[in-house]
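In what follows, chain A forms one complex with chain B and a second complex with chain C.
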Partner chain A sequence: MFAGKIDKSRYGYLFIAPFFLVFFIFDLGPILYSFYLSFTDWSGFDTPSFVGLANYERLLQDTLFFKSIYNTLVIWILSIIPQLTIALTLALILHEKFIRGKHLFHAIFYFPNMVTPVTMGVLFALIFDWQNGSANKIIMALGIVDDPVNWFNSPFLAQLIVASILMWQWFGFNMLVFLAGLQSIPEDLYEAAEIDGANKFQTAIKITLPLLRPVLIFTMITSVIGGMQIFDQPLMIGKGPENSTLTMVMHLYEAAFVRYEYGYGAAIAYGIFVLIAVATAFSMWMTKIREKKEGVS
Partner chain B sequence: MRNNSISAMASRSEEQHDSEIRRNQRKSFLAKIIIWILLILAAGICLLPFYSMMITATHANADITRKLLLTPGSHLIDNYQRLVDVVPIWRGFLNSLIITVSATAIGLYFSALSGYGFSKFNFKWNGPLFAFVLATMMIPGQLGIIGFFKLMNMFGLINTYWPLIVPAANNAFGLFFLKQVADSAVPKELLESGRIDGCNELQIFHRIALPLMTPAIATLGIFLFIGKWNEFLQPMIILFDNSLQPLPVMIASVRNQFSVDYGAQYVGIAISVVPIIIVFALASKKIIGNVMAGALKQ
Partner chain C sequence: MRKSFTFIMMFSVLIIGVLAGCSGDSEEAGSNNGEEMNNENMEPEDFEGTLDIWTFFGGVEGMAESFEEKYPNVDVNVEVFPGDQYQTKLMTAIQSRTDVPDIFDLERSYMGKFINQEFVANLSDMGADELVEGQVEYVKELGTGENGDVRAISDHSSPGAFWYHRDLAKEYLGTDDPQEISEMVSSWDKIIELGQKVYEESDGEVNLLSHYGDVFNTEKQHQEQWVQDGKLVVDPAWKDIFNNMKQIRENNVDAKLGYFSGGWGDALNEGGVIMFAMPAWGGFMIDNEDGKAEGKYGIAKTPSGYYEGGTYRSIYEGSDNKQLAYEFVRYISSEEWQNKNLEETGNMPALTSVYEENLDSYTHEFFGEQKILEQYYDLVQDVPAHEAGENNNDISTLFYDAASSAIDGGQSYEQAIEKFKKSVANGYPEIEIE
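The block that comes next holds the complex of A and B.
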């Protein structure tokens, strides 16, 4: 009987085998093969020729690559700050007891998150078209500007529009995450604060925000990983004036699948991977440091 | 006399107290009204682009260029006709459906199979392998994309749906999610009784575990479906024939082919949003509940 039990546990390998088989063929294989290709020159038809570190040397001198890193960071920062502010504000409001129809509001705010990113990109490109878009028509009707704003003529405005697509697409998701965090805070903490005479603002600062910390860290890390990889929406907007909305993955896509420089594209892919790993490690390290500081005080 | 003055004082303080409460109530009532207005305004702004999209799709290009459109027009059919004459958008819809349904089915079955495997079998490498699966979640999707393209080309799978469907069997998030479900929803005693009845391990999984995991599998299915439905870069790279492309790639080509025909572009993106509205209308409670539950698990 005992021996039979030990025997059974080995069946587990059969259950997980397909998962790993597909992982090796369709995931790990391509990743390792990309690594090999990043040391070659390959245009797709001939056989790849080994060129050593040439692609990586080129990457370090590629001003457009550094520009794409800068653009991605700017777009990420422009989207993450209002996104988290709005998400947190809405979560705090929707957590209040007197709000009715909560589910409807959850649904409305979360809805943009499900819409195809490509569709979002096209929709915003159309809305912010300077001659035909409704954005200019609305702000001109409201009397905010007299002449149509040429959004995609200014590098900053173009980045702002890409950032606002991301903001619009993700604030509802983050709002739900924050709401889940709020609901996990025990009710008696608030009751105790009320007895001690704390007002709404004080409880928000002293109780709610510190207890939301783990949730905030989760959203920060996921949004760093996601934000570094934005592609679908900015591709629909285009590269923008002075390449201002060219993101890192767009740069990879253009090298490999527009100019057919597969070897160099693979080097860009590994460059992006290193940057994402560093950014993730950095954001984890930041949260650790803050934890230590607060532990001391 | 003395009694009277005391009661007078008491009643006065009571009055004061009452009016204070009333003032506070009025103040918080006002605050509530303002918060309500802000909330409704935010909801309006959130939906405004979709409203604008639906409205603009029904107008002629001349009107789209000239004025701000707030009410439905009568040119929806014209715009639609020009769109479908050039881009086979319903074919793209069908392609999306084929790819998404098969990939979701495969993803669900193998996530359940491997999640159950990790949950119920205490094999030697269980811990390290599971940690490895979690670590693969951190790998960005584009890392291997060029090697993926080249390998699929070598296997002769380019311009077919296989590279878009089969990799769905390897979904780290799905495995993680369904392992937790198997941990809590599938009691070991039931599996033992199945073994005593002479079922083999795969039969036990199919007849006992899978039915118990079905509600969670349905939930995961919604998320896998939406994720696959929205996928863009992979099909664009793997498929060459325009008629094989799924909806997002068709939408992108609508953008390129109708550069000045705004009415047709609006109809195109509206067509891609409508099914999402339908799915969301049917399953919004489940979707929202699970986004929130998922956030706490992390």
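The block that comes next holds the complex of A and C.
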């Protein structure tokens, strides 16, 4: 009856309409409107007036913007390496059969992810307070230092602290993603390896990691996108010495919602958009190249 | 999750923008444009209706209650939006010209951007000149627009002074008498010398000040304005401020506790630091459970008079309730309200007459028998009167950021100024910098 025919009933559109309505109003609308705003000098009071490419010219000369890109990258790298290492190690350990109370540990390691980033920022700011922070109290009590360390006076330490917030917040989430990936690896591969006399380390390197590749790629790409948008945690910590913890999105926030330069803020947003798009494309391209080299399809 | 903040930002930009487009020509809605209100000839009972007020300050609710008591036929709706979202909220409403309140509050730090806009009613036209006539000079000037008209009115002044722990002062300064202590800390040189002594005598346990930021806070209003004729002007006096800050840090005069930080609050309540440069409205930071803070502090004069913060009230030009709104503003400008406010909340008045009336009688539980208006009144009159200005406050903050980062990093004033100019250039490309 239906052979060779697709039912093109108009009712189908009704079913997909809710998504597209929401998408047009709340996603595409703001995206296009802020693109328009990036060509104006709107301050929030008068009607926006067109200024051509002036905001983008300013963006290219804005040393602070380039600094914020650098800061974001440093913070991201400092957080992503330990974060994925810890997540993967924990996932491998918790995947073992002999571990008891696995689910309890899953929950515990995931907890930090449920705390709001702002709370986390405040918490770390208090822990690493110069005069009253518990971090200093502990290392002074242990006799490691004589005078309290002014953590937020060193650009590197400040970046490291922000990075550790991110690491602490996201390792549990990534661990769960890895665990899901591990569970999809067929048991018989391990059994075969065991019969062949492979030890735990060898199975991890030769079987687990290669088969975990798709999950690793997923994690890498989402963390590139997420890492570029670091905002709440450093906002609570402050800009840091020499603006060292000022991230790209914080820079956008300051322009648009502190100085109320919506036009310039929108231009920064588009700058960030281009950077994230390039970074994402790059990481996808990288994984494709490696796939070809290794002949994995 | 991580996406959401960027998204919210983009979205609110959109909403503000879309609403801006709808503004149309509803501006004519206001009645009584440019007419004097003649409210003086009316009785409180004659006023009727509902008044909408938006604010970021919870205390306005008490103000509204007091107004309703006196004006039995008036309802005042106060909406409080705490935190820094208030400004965005207000701008959104004004852009869309919908649901704008009759009266909206403006904070000192950003009021300069608002008061010269056309949606802010000219209060001088309604007769407000006489309301502010007797106000402290700086309070009056901040509410004045570019062309000399009154655009915003405050019911208080917010002078700052040194609040000191009486017990620590007795122990380390040898007295807790406000006059004597004011004399001991009347210049930064004296403070630095005294601070060194305190540090040595207490074996490093007690500091005279909490943070070198007190120098900046108390002196920052005494310099030339940052931007003149579109050019950045760096008053040489900033160098003295920098050097005093630096010396305070180097000589252990301060306890390195950042203003309004956790440790600072502990020191304010429990000791370890003798004195704090505090605005008069800072009392909420004091823990007075079971009256334990009674008579605990004294007030001494800072080397220069200064103020911190301030809440101003403007009337929306498009309001169709202007007469009633003006009556509210008139009420809070009166001696009657400001006396009551001083008595109930401890907020310093805006009118010099209220200061003078209470000079010999007003005491506050934290300060025992001390007649604290004497110190505040002298200080508040020492504050130079400046227009609110669009960016002056923000640029001062950039200076402080640069200065403190240079001091913490052991750098010189010249290096601090270099950093400062760079951040001004980044944030305000329209300002000419040499």
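Methods note: the second predicted complex is superposed on the first by the 286 of 297 C-alpha atoms of A that agree within 3 Å, B and C clash if a C-alpha of one lies under 4 Å from a C-alpha of the other, contacts with A are read in each partner's own complex, and residues count from 1 in each chain.
We take it that contacts are C-beta pairs under 8 Å (C-beta built on N, C-alpha and C of every residue); 3 or more make two chains touch, one makes a residue touch a chain.
Values in this document were obtained by computation on a predicted structure and should not be read as measured data.
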{"item": "First, second, both or neither for A:G181, with chain B first and chain C second", "value": "first"}
{"item": "Chain A residues touched - chain C or chain B, whichever exceeds", "value": "B"}
{"item": "Chain B versus chain C as contact partner of A:G12, first or second or both or neither", "value": "first"}
{"item": "Chain B versus chain C as contact partner of A:E242, first or second or both or neither", "value": "second"}
{"item": "Contacts of A:S34 with chain B and chain C, given as first, second, both or neither", "value": "both"}
{"item": "Contacts of A:Q229 with chain B and chain C, given as first, second, both or neither", "value": "both"}
{"item": "First (chain B), second (chain C), both or neither touched by A:S134", "value": "first"}
{"item": "Touched partner set for A:N150, first chain B, second chain C, both or neither", "value": "second"}
{"item": "First (chain B), second (chain C), both or neither touched by A:D62", "value": "second"}
{"item": "First (chain B), second (chain C), both or neither touched by A:Y270", "value": "first"}
{"item": "Overlapping contact positions on chain A, where the chain C interface meets the chain B interface", "value": "26, 29-31, 33-34, 37, 126, 129, 131-132, 225, 229, 231-232, 249, 252-253, 256-257, 262, 265-266, 269, 272"}
{"item": "In the complex, chain A residues that touch chain C", "value": "26, 29-31, 33-34, 37, 42-45, 47-48, 58, 62-64, 126, 129-132, 150, 153, 225-226, 229-232, 239, 241-242, 249, 252-254, 256-257, 259-260, 262, 265-266, 269, 272"}
{"item": "Contact set on chain A toward chain B in their complex", "value": "8-16, 18-20, 22-23, 26-37, 86, 90, 93-94, 96, 98-99, 103, 105-112, 114-119, 122-127, 129, 131-132, 134, 137-138, 140-141, 168, 172-173, 176-177, 179-181, 183-184, 215, 218, 225, 228-229, 231-232, 235-236, 249, 252-253, 256-257, 262, 265-266, 269-270, 272-273, 276, 280"}
{"item": "Residues of chain B defined as touching chain A within the complex", "value": "32, 35-36, 38-39, 42-43, 46-47, 49, 52-53, 56, 64-65, 67-69, 110-111, 113-114, 116-118, 120-123, 126, 129, 133, 136, 138-151, 163, 166-167, 169-170, 175, 195, 201, 205, 226, 229-230, 232-233, 237, 247-249, 251-252, 254-255, 262, 265-266, 268-269, 272-273, 276-277, 279-280, 284-285, 287-288, 291-293, 295-296, 298"}
{"item": "Sites on chain C touched by chain A in the complex", "value": "2-3, 5-7, 9-11, 13-14, 16-18, 20-21, 23, 87-88, 91, 94-95, 113, 117, 255-257, 261-263, 266, 394, 401, 405, 408-409, 419, 422-423, 426-427, 429"}
